[in-house]
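See structure below.
Each chain carries a letter (A, B, C, D, E and F) given by its place in the written order, and its residues are counted from 1.
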Amino acid sequence: MSEREPARFAILPEVLAGDTADVYFLRTREILAREGVDPGVTMEFFPRLSGVLCGIREALEFLRVALGGVEVVVETLEEGLPMAPREPVLRLTGRYQAFGIYETALLGMLAQESGWATAARACVEAAGPIPVYSYGARHVHPRVAPILDYAAIVGGCLSGSTPAGARLAGRWPIGTMPHALVLILGDTVAAAEAFNRVMAPEVPRSVLVDAFHDEPEEAIRIASALGVTLQSIRLDTPAERGGVTPDLVREVRARLDLAGYARVGIFISGGLTVERIRLLRESGVPIVGFGVGSAISGASPIDFTADIKAIANHPVAKRGRIPGLTPNPRLRQVEL
Amino acid sequence: MSEREPARFAILPEVLAGDTADVYFLRTREILAREGVDPGVTMEFFPRLSGVLCGIREALEFLRVALGGVEVVVETLEEGLPMAPREPVLRLTGRYQAFGIYETALLGMLAQESGWATAARACVEAAGPIPVYSYGARHVHPRVAPILDYAAIVGGCLSGSTPAGARLAGRWPIGTMPHALVLILGDTVAAAEAFNRVMAPEVPRSVLVDAFHDEPEEAIRIASALGVTLQSIRLDTPAERGGVTPDLVREVRARLDLAGYARVGIFISGGLTVERIRLLRESGVPIVGFGVGSAISGASPIDFTADIKAIANHPVAKRGRIPGLTPNPRLRQVEL
Amino acid sequence: MSEREPARFAILPEVLAGDTADVYFLRTREILAREGVDPGVTMEFFPRLSGVLCGIREALEFLRVALGGVEVVVETLEEGLPMAPREPVLRLTGRYQAFGIYETALLGMLAQESGWATAARACVEAAGPIPVYSYGARHVHPRVAPILDYAAIVGGCLSGSTPAGARLAGRWPIGTMPHALVLILGDTVAAAEAFNRVMAPEVPRSVLVDAFHDEPEEAIRIASALGVTLQSIRLDTPAERGGVTPDLVREVRARLDLAGYARVGIFISGGLTVERIRLLRESGVPIVGFGVGSAISGASPIDFTADIKAIANHPVAKRGRIPGLTPNPRLRQVEL
Amino acid sequence: MSEREPARFAILPEVLAGDTADVYFLRTREILAREGVDPGVTMEFFPRLSGVLCGIREALEFLRVALGGVEVVVETLEEGLPMAPREPVLRLTGRYQAFGIYETALLGMLAQESGWATAARACVEAAGPIPVYSYGARHVHPRVAPILDYAAIVGGCLSGSTPAGARLAGRWPIGTMPHALVLILGDTVAAAEAFNRVMAPEVPRSVLVDAFHDEPEEAIRIASALGVTLQSIRLDTPAERGGVTPDLVREVRARLDLAGYARVGIFISGGLTVERIRLLRESGVPIVGFGVGSAISGASPIDFTADIKAIANHPVAKRGRIPGLTPNPRLRQVEL
Amino acid sequence: MSEREPARFAILPEVLAGDTADVYFLRTREILAREGVDPGVTMEFFPRLSGVLCGIREALEFLRVALGGVEVVVETLEEGLPMAPREPVLRLTGRYQAFGIYETALLGMLAQESGWATAARACVEAAGPIPVYSYGARHVHPRVAPILDYAAIVGGCLSGSTPAGARLAGRWPIGTMPHALVLILGDTVAAAEAFNRVMAPEVPRSVLVDAFHDEPEEAIRIASALGVTLQSIRLDTPAERGGVTPDLVREVRARLDLAGYARVGIFISGGLTVERIRLLRESGVPIVGFGVGSAISGASPIDFTADIKAIANHPVAKRGRIPGLTPNPRLRQVEL
Amino acid sequence: MSEREPARFAILPEVLAGDTADVYFLRTREILAREGVDPGVTMEFFPRLSGVLCGIREALEFLRVALGGVEVVVETLEEGLPMAPREPVLRLTGRYQAFGIYETALLGMLAQESGWATAARACVEAAGPIPVYSYGARHVHPRVAPILDYAAIVGGCLSGSTPAGARLAGRWPIGTMPHALVLILGDTVAAAEAFNRVMAPEVPRSVLVDAFHDEPEEAIRIASALGVTLQSIRLDTPAERGGVTPDLVREVRARLDLAGYARVGIFISGGLTVERIRLLRESGVPIVGFGVGSAISGASPIDFTADIKAIANHPVAKRGRIPGLTPNPRLRQVEL
């Protein structure tokens, strides 16, 4: 899959204004301003659990805009690296008022994007050489659907289903054909033929075969209607029909082969979990791709914490934490 | 807590443009336009699991803008009602092209907001008469932090920590004092006094007591420093010190009482789950509020599906579904 | 289902000859004969577990022939009654040599038939008012296939699939149509039409719909081909397609109704267990029958034991047993 | 144990007549005959689970009689070999009407005999070099008791307890002494002496020692009464006395040795399972044999299926199966 | 069982001297003496878990001697009452130096005796009306064997096996006959007869029947040898013979009755747990007593804590406890 | 830790007199005396479970006194060695009357001391090179508190908290400072200073830091007050404050180091189990000692049995045991 220049993250004014921050940070800003206190501090951000670090790229793009030139030293790990529990992955050193109200926003970016990237990584590892795509946009709020796709790609997915998400990661979106098109045109073959007529040649022809008939039957009907332009069929068998199992894939493959369509690939989606991906892959049946939804989009955020560890260069910490900077040779200073 | 006029949901242009949709809906729009097909259809949205319905208000505000006057009949359940598995909670009847590309966005709003509202409801039920507040903004992307707070309030929380989120629900944000303020001012009493000096009188004085000293000790120091203006102290004891337990709350209460501060309330946050809320509530110790984070913000979306169930007034359905409208006397037609 | 006169059990000469007995009983017969010892004894037969008693009818028919007029007092419980662990269900009083070598055969009849009848009873209770049929002949040796069907009917099944088994119980065998017929005639509709042409009118028309196409599709094709003669369709969906689930039955029912075939019943078979029968029944979908295989035919025998409890009217017992007759007011003396 | 010429399986007329078949095969025969259809087909028989293949010998003897010279190509695996799930173990190619009605009977032979042979194999493997005997005739219908013993021997048992069963396998039946003999003669020593007097010298003297007294006590009484003719004592301690445990065997062995009867072997029966056999064997106590009942006789049949995979040399299959012959290089063509 | 005047607890000089105390209490005594500090304090003793309070009687006898007339106010719950977790069961008010070094000893008496009494209570409740005896002296150090028996009797046992223990509780010790006597005299009947000859008539004749022969056989031999003087037989079947089960008791009872010894009782010991006691009792077989060993003697101590809750009448407490006296209306002031 | 000459075990007259024996041994003594029977016997003592053998030293000291010169051959394993289930660890050969009534006492010493030593060994192994001390005197009766400490030291503890117990093992008792001292002197620093003033220089200064303030805070206050005389602080954090965790130890260590007290060690007690000891040790934090209470003192006795295995040099045994001496090359004959 060819790549392109990644788009920048759009920054919402309400986030810049602190309107999405925990309100007590706004109050702290006011108190410190009125009291005339603004020491130099070092703040460390670290996760509670291990996983794939994601959100750093957006955090840096955000800080570049939000700091507006105020000097803050920024040290980070690179986007997509593995991280350990309690390992600092972002360290800010500068006047507290320069970034204090962004603690909530920065934590949120890291927590949610790392949660998604980590879940994607587990799917990708289970899939081995077979590509995985993020299909979960429908489970998350449209404001963050592109960010889900971006994080999934950082975790190892080849692309995602939303144009905005794929663009953030410098990829092209992927998709086959919705049930709606098949139902409206009344038949899978009619839908496939219309798709074939209208779409540009570079859009891959991948046709969903579970809408009306038994899958092997439908697959052969489509293959004979579209001929050599058909790249793959997509199995998305609902749980009501047993879901997509190794047996089903094996049978569809055998019947396509018997009918002379050995070159038509099989793409799988629908209720995929890490375990089911592994099972399907280990069955040895050739598969051209997995479309994964809630196993990525339903992942909980990975909780992050930000701690002030030094004030005016003196080690401090609240009760329960070790005062002073946490040694981490993996951190690198970056220019915003 | 006094209420105010709820704010409207901001609608992002990229969502309106379909840029966050699954790309195959954009392709379907193009195919149908080129083929000249645009039948009247009825589409039903239903959840996979039971829970608290949320996202309908934003969906309707969104459709009002997105449809731009095109006629579509909209039937829904009301925001905040309980919903059953597979029960239709939104039904759209009109030309398919009027709303087809918004399937991803509408599903996403319903899935994520209902997931949060349902988790909030479980916490609220466990807390009984004690108010619950949404404290999880730090776990989610700042683009959706206000939507988290809104959904938590639909689920029964009294308010949330973000100004934008509380505003969506017609409430005022709630917050005490971050560890950062205490660390920067060097002492909890100093922080409390500064807070007291600067903040308007109507902002409640609730002071975090776990930053430096043992909780009962700190609580009494604060109470003697702030006098009658102190409304409550907040226990947020970290896991490293055993978390907040019924025993700790009981002891802090007893020591405050012995010291003559019986009127100072106790507010609790930190690692609260449904089980721990229930345990703390059932311990019989008086508590003035719970601040709940990941037990709400970490809830997975509730998977929703949209099915075309009729085309040109004829019952249809893909394999695995019952053709035709699903009877649901709870649905009400609404004006956008 | 009309009944008829039950057939008698065929008695194999090798059983009468003791050739299927444990060889030590044959040796005991020889020793006692040579030693000239043949006391009057009372022997009790009892099960290790509770269940449905079955095998008594065949045991009595067998003893009538085997004893050949020698006087033995026989007390029993009636075929089909519930029995408790260690409860005597058969008591023989007479000269030991008259029946000693038949201990193995009598135990075997009781053990295996009670095992099957007990399993059948569990299915029948799960099915409630819906009739259950024994479909497991293919899992057991053809020598005992009729006895399986007989025992299943004693346990509450309405009939079984073998002519010989149904006859033993005074019923008519039941069956629909094998996959072989459909495959040979190349299409389910062709098979159904041939069945319809050839079979006598009193044979019910029940057509298997899982051979080639998706079940609802196939069901409607058959219904439209056979018209009013079609009594029911049979769902036997293989595990490879998710098995028969409440969802599938509900959908087939709905699609048949929408197509105007509300009078066509649904019969279910394939991998039924007590739990799945209960689940299907409790789903509330109307079902005209269950065909149960290995949940009955795969039941282990219920272990029975025969103990001599009195010799020459004196209580005796081996170690571990209570000497003397076990009181059981439910036993009735019968004439052979 | 010396062997002899195996006997042939007796074939019951009711099986040959199809009276024990599923009735729908009889109806199919009638339909095809009336429709004048009788294509050449290939039918494959395969198990659902792995195990020891048994029933092939009887199936071939049966087909020889049933086909009466009609030409059918038969390919099989050999009796007693291991088989894998879904591996074809029998393949018939010929006119369908030649063997169609025997599908039920052939499946039943394979299912039940393989079930028993597989369970026997597990016991034999647990027992290591110690011989295992089939003692379960009392749990199964006398019509199949010999077939149980035959299958157990195919699975690795040295012999069984029934004359008819041992004969089928070319062995001699094995047995010790029933409780009945001991009770009737009033004492174990008296029973042992009578046995010794009457039985031919080649019948091994193995005496049951649990009827009246504690096992070590009884064992020594018998040993001193029978002298050198005693080959072994049999422990069959009931569950009511703790069953046969390694401790008990060890103690009986030690007390026999102390009393000077080191040459008397110990044979074990009663409630043996694979786990208990392994435990007893691993205890290191010398044991001369295990008599196994319900661990073999109570085994469920292994479900077999017969599929038509080719008609007139064209690959076919019902939904859920791969059309065409399943490659299996282990199959060998046999002459009936 | 007739009672007698309970003996007093012997007090060891090393305990009085503080030689068995935690050494830091001795150091504290020295420090306070040298510093000239000895305030009036109130100390509360409470358990961590619920149970039966035991040890109070010995604690009071000990304090009477140890305080030697120094005035200390003592409040307690009564020996044998149920106690709740953290409920004060002993409260001492007086000069700290009067009793400070006895904290370890008092906690130890309460912890160990309450542990045993609580375990005994569970056995007694399981046994219902059947008397329970403490048979565990062999599991504990002889220095505390009498204290075990005393605590077991406080928990509800009728008596114990040691003379010193029974005397502490005002009871007579109970015992039957050891295996040693049977082995030395070579036969159970010989041992029973010697016992009968030598022992005073008021010592009950209860004979152990598991030494050499099967229990029912041995029981009948004893009964016929001792005639009417035999009160009961004792079943103590070792685990190697299956232990004492309801089946065994039922059979021994039946065989004794058949032999005309219906008046001979059955006493049970050996591996009894709460569950097995309940099982035996619920089997409905008449039992004259249970001899319980490790189910009582192996009980862990119940952890007790002593807290200073007031100094010079001011409430105090260490961190984690509520300062001031814990209200407990069940406490009664006692005279030493 | 320097050692000293171990003290001898004190022998209580009531144990010598048989007053703590099971009463049936006293009766057996009387019967045999009256019957004039006193054979030479061999008695073996063996445990039911594996563990660390303890109690042999006290048993030998006891027998030396109790036998008063009567000749008995004594074979044993050495104190502190590992022992296997059923392995004889003590074998007495002599006239039965010489030692028969001491069976209960000897079993009790072995059972309880081996139980404690075995539990201590598990703690010591979990602690690796870090010393473990017995702190459980408060859980056991003061009569056996020294014996607990002795057994714990045999199991590998470096010492115990009671003077009498340490003396038995030739060690010096260990202790820090009770909460009582801190409460009475009103402040941890005041208590530490008084301790420092009064105690001889060779008593280590180890100060408890959980009485009033947060641990790291208290630790630093003490360190700055006592200066170089402070050897270690003791963490005993109650469960109400989360107990002592690796995180807490790590933080206390870091804060002490930051404050310049790197030479002050950390000693840990409170609720330690084998698992928690392992966890703390594996956390890599330097720890100077563990004080273990109920994980040792709450261990159940290990059940021991004494069997007569020979009488007048003839092998005997009760039912369930192997007659004759059990071969055990590890046994050594000892002089009393």
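Assume contacts are C-beta pairs under 8 Å (C-beta built on N, C-alpha and C of every residue); 3 or more make two chains touch, one makes a residue touch a chain.
Treat the numbers as computed from the prediction; the structure is a model and nothing was measured.
Shared contact partners of subunit B and subunit E, listed by label: C, F.
With centres defined as mean CA coordinates, subunit E is found 57 Å away from subunit D. In whole angstrom, the spacing between the mean C-alpha positions of subunit A and subunit D is 58. The distance from the centre of subunit C to the centre of subunit F, with each centre set as the mean of the Cα atoms, comes to 66 Å.
Annotation for subunit D: residues 212-214, 239-241, 247, 251, 319-321 touch two or more other chains.
Taken as a graph of touching chains, this assembly has some other topology, since it is neither a line, a ring, a star nor fully connected.
Across the complex, subunit E meets subunit B through its residues 315, 319-324.
For subunit A in complex with subunit C, the touching residues are 212-214, 217, 239-243, 245, 247-248, 251. On the subunit C side of its complex with subunit D, the touching residues are 10, 12, 14-15, 18-28, 30-32, 34-35, 37, 39, 41, 96, 100, 103-105, 107-109, 111-113, 135, 137-147, 161-165, 173-185, 194-195, 197-199, 203, 210-213, 238-241, 294, 297-301, 303-304, 307-308, 311, 316-321. Taken in their complex, subunit B has these residues touching subunit E: 214, 216, 247, 250-251, 254-255, 258.
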